[in-house]
Amino acid sequence: MSIAESEARLLSTEHTGDIAGSRMREAFRQLRRNPVAILGAALITLFVVVAVFAPWLAPHSPTAGDLSQITLSHVPGPSAEHPLGLDTQGRDELSRIIYGARASLLIGVVSLSLGALVGMLIGALAGGLGGWVDSLLMRLMDIMLAVPGLLFAIAVAAVLQPSLRSVMIAIAVVNVPVFARLLRASMIGQRHSDYVLAARSIGVRRWRIIVGHVLPNSLAPVIVQGTLSLATAIIDAAGLAFLGLGSADPSVPEWGRMLADTQQYLQSAPQLALFPGLAIVVSVLGFNLLGDALREALDPKLRR
Amino acid sequence: MVLLSVEDLHVTFSHRGRRELRAVDGVSFQVEPGATVGLVGESGCGKSVTSLAIMGLLPPRGAHVKGAVRFDGEDLLQLPPAQLRALRGRELAMVFQDPQTSLNPVLTIGRQVTEVLERHRGLRGDEAKREAAALLDRVGIPDAGRRLKDYPHQLSGGMRQRVMIAIALACKPRLLIADEPTTALDVTIQAQILELLKELVADTGTALVMITHDLGVVAGLCDEVHVMYSGRIVESADRRGLFGAPRHPYTTGLLASVPRLDSPRGVPLRPIPGSPRDTLAWAEGCAFAPRCTRRVEACTTTAPDLVVDAVTRHPVRCYNPWPPGGEPVATSERKKRLT
Amino acid sequence: MLKFVVRRLLLLVPILVGLSILVFAWVRALPGGPEAALLGERATPERVAQVRHEFGLDRPLYEQYASYIGKVVQGDFGQSIKTTRPVLDDIQTKFPATIELALAALLFAVLLGIPLGFLAARRYQTWVDNSSLVGSLLGISVPVFFLAYLLKYVFAVKLNWLPSTGRLDAIRDVAHPTGFYTLDAVLTRDWGAFTDAVRHLVLPGIALGTIPLAIVTRITRAAVLEVTNEDYVRTAEAKGLTRRVVNGRHVLRNAMLPVATVVGLQTGLLLSGAVLTEIVFAWPGMGSWLYEATFNRDFPVLEGGILFLAVVFVLVNLLVDISYGVLDPRIRLQGR
């Protein structure tokens, strides 16, 4: 959240013309030539494919384990049978990593969509209606932003029963004020732009201007923010799982939880911390790379 | 002795993935000590790029400069960067177009004046401040001593341009380049600033290169004028020659498109058709040909050279120039008044 | 300037009131309620009722809130259910620990990030610039707790160069007048303790500072690129100032405006990351303290601690806005 928010504050997109469609096309053309974007898209594709096809890709069951080979001082490392070795419960590490992508992707996508949807609704109401509705909603968003992101998510998750659904809700709630402020700022920025004034001068109704012109032109920052927020959502979900606020069932593979479970084995089996950690880095990096490339493509100010 | 001699200056811009752009294409001219020379043309003709190239202020990447810029006999383009820095601000100075953005918003104007004095005249502390106040006073800033503590945003546009001029003339440079110094200002202020510049360069014996699109500025100020189009000089003349006997259709076009208080009633303004974008590459003919009313066949095959006109004795780059005097009413009327 | 600060402070009031309501409501929404935390699941209804009365939990919510706020305003945050220590006492020892860690992280980020960002901008679109871009994107993609694990494993477990738990070696016994151990060591001239405290700060500081480092680097780069194209930098060049003066006085000074804001915005990130970092490195700060309290349903600690952190967060943001005014005369001198 804070990354995107802080950069957005400096590099906020300026909209001067009603060119949403052509800008998107131009941006897309630029993206296809940008190695950063291609690498990002490739990592995201890998992540999504692994998550969707987990049952076919995983060589073993992610939940059934054989405890007979495990002691506190010895956890079997990589072998032909288990390419990434076994975890502390004697389960196949590779299969757990593969299944872990599912939880990660699901939480990321659902929590972000939910948060962005509610946030944009609030932002559109505030920006569209103005007046006391605007003030009230925005003060509310300020209060939500006054609690640092992950702390807020921890607080929300603590109230709900521990489950993946709670994690999604917690992260969605954290995203609401971010998108609300973003959309509102973008709408207000366009309120005095030439094309909105032109549309108003020929008598187009307010909501038609908002839906037909202002919203499409606000999409660029929302898309950029969405991509970057997805990265943050995955990291935060892993953080919550790391803190034991993820799924109630410890056998459900979650990267963050897997990392936390190896705390006592850091000496004897450091690979168990390494693999889930790398899995998180790779998937998050994909979204950050693409998000960065998107911003560069969609923000005319960054182009030189 | 010539002070500044620009010889066959070429500037091309190239950016990765984009076509090379020739901004300045073989420009040569000279400036005598204490003289005032005008460089005139529409925006995009290369006059500002020429001035930045003289100062060595073009971005190091992307801009390629060829030719020579001799200042006092020494080629500035060959000078090591550190030596050029030592000259800039002391021997050569520049005033830019927009005083709004040309002053640093987070430094007091006093600081922005004293830093030149520190750098080039070795003044320090109170001494530098006193001198800065004196300089601001000289460019007509009231209550200069107290103004030192002000920030640029607290001054009006005209005052800011006065500060810029004070900075530029702080070390009594031998050459001052003024790039459209009045364009961003109110009309009433424009005349004051021009008057100030004229007075100061006369006092200090500084040579002035005035970059402008405004022939009115040139008429009141310059001894000598070079008209530029699409990166090349198309006509050079002294002030009287230019206004009295303009030859190049672009020059006459510029003259006819400027409203003047002294033009006779009933004579309509005639803007030059088209825009500076409708040019021909010099390799394919005369760049002005697509907009020219006196175009002949040769114009679109090979570019004309800059040749000294037999009658008026000043250089013109045209196959079919206006005959001296046989040209639009407005200008011949004006000729009488000017001579 | 004063008017600006006062107005900003007044704007804080509704936010703080809303925040206190939010925290208050949140604690009461925790599953099982505070009494479950006190008595466990198998308490008799009579015992539960007795405890609820003791803590005033049987009164209407608005009354509870009113008395809670009344006490908070007087500086009384109640006492921990678990340890019965006053919450404020705990804050006094935990808060400096977290701030010391956060400052170490910020120092790391700023001291490295600003030069790196400046260099990247100066070498725009060269390999230096590109690797700084990839590096900073990688930096924001690494979860704090994973980086903490890596650092701990490499530098503490394998190489044994640096300590990886706590703020000082256990055997050390020193006075703590301020609670900032490095500052305490300087004040008491205990240089052994100072080195020890700094050594304990290195790994958690780097773990927590890496994301801010990535962000500061990128913002500095973007800001320097933008400022370099400003007319006043061209003016500075035209004055013939030395490269050092142009870069320092004209480019960097102006580029610092956005960087200062962004550094301020890192506070939230630092506080969030502190929870995870403190847990991995057994750092006795606010993060691990509140984390434990969440599991213990220690509601006075949660109410007091979170409210305190939020107030700090909001105040820091205010400070950032003010510092912006100090750096930028256009804001400082508004209305003059």
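All chains are identified by letter, namely A, B and C, in their written order; residue positions are counted from 1 within each chain.
Here, a residue touches a chain if its C-beta (ideal position, glycine included) is under 8 Å from a C-beta of that chain, and two chains touch if they have at least 3 such contacts.
These numbers were taken from a predicted model, which means no experiment stands behind them.
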### Message
Farthest chain from chain C, going by mean C-alpha coordinates, please.
### Response
B
### Task
Select, from all pairs of chains, the pair with the highest number of C-beta pairs in contact.
A-C
### Centroid spacing, where centroids are CA-atom means, of chain A and chain C in whole angstrom
22
#### Entry: Rounded Å distance, chain B centre to chain C centre (Cα mean)
54
## Note on the structure
Within their complex, chain B touches chain C through residues 55, 57, 61, 84-90, 93-94, 96, 98, 101-108, 115-116, 119-120, 151, 153-154, 164, 167-168
### Query
Residues of chain A touching chain C in their complex?
1-3, 5-7, 9-11, 36, 139-140, 142-143, 146-151, 154-155, 158-161, 231, 235, 238-239, 242-243, 256, 259-260, 266-267, 270, 273-274, 277, 280-281, 284-285, 288-289, 292, 302, 304
### Task
Provide the residue numbers of chain C that touch chain A in the complex, in ascending order.
14-15, 18-19, 22, 26, 29-31, 133-134, 137-138, 140-146, 149-150, 152-153, 157, 211, 214-215, 218-219, 222-223, 225, 258, 261-262, 265-269, 271-273, 275-276, 279, 290-291, 294, 306, 309-310, 313-314
#### Entry: chain B-touching residues of chain C, taken from the complex the two chains share
124, 230-232, 234-243, 245, 249-250, 253-254, 257, 327-330, 333, 336
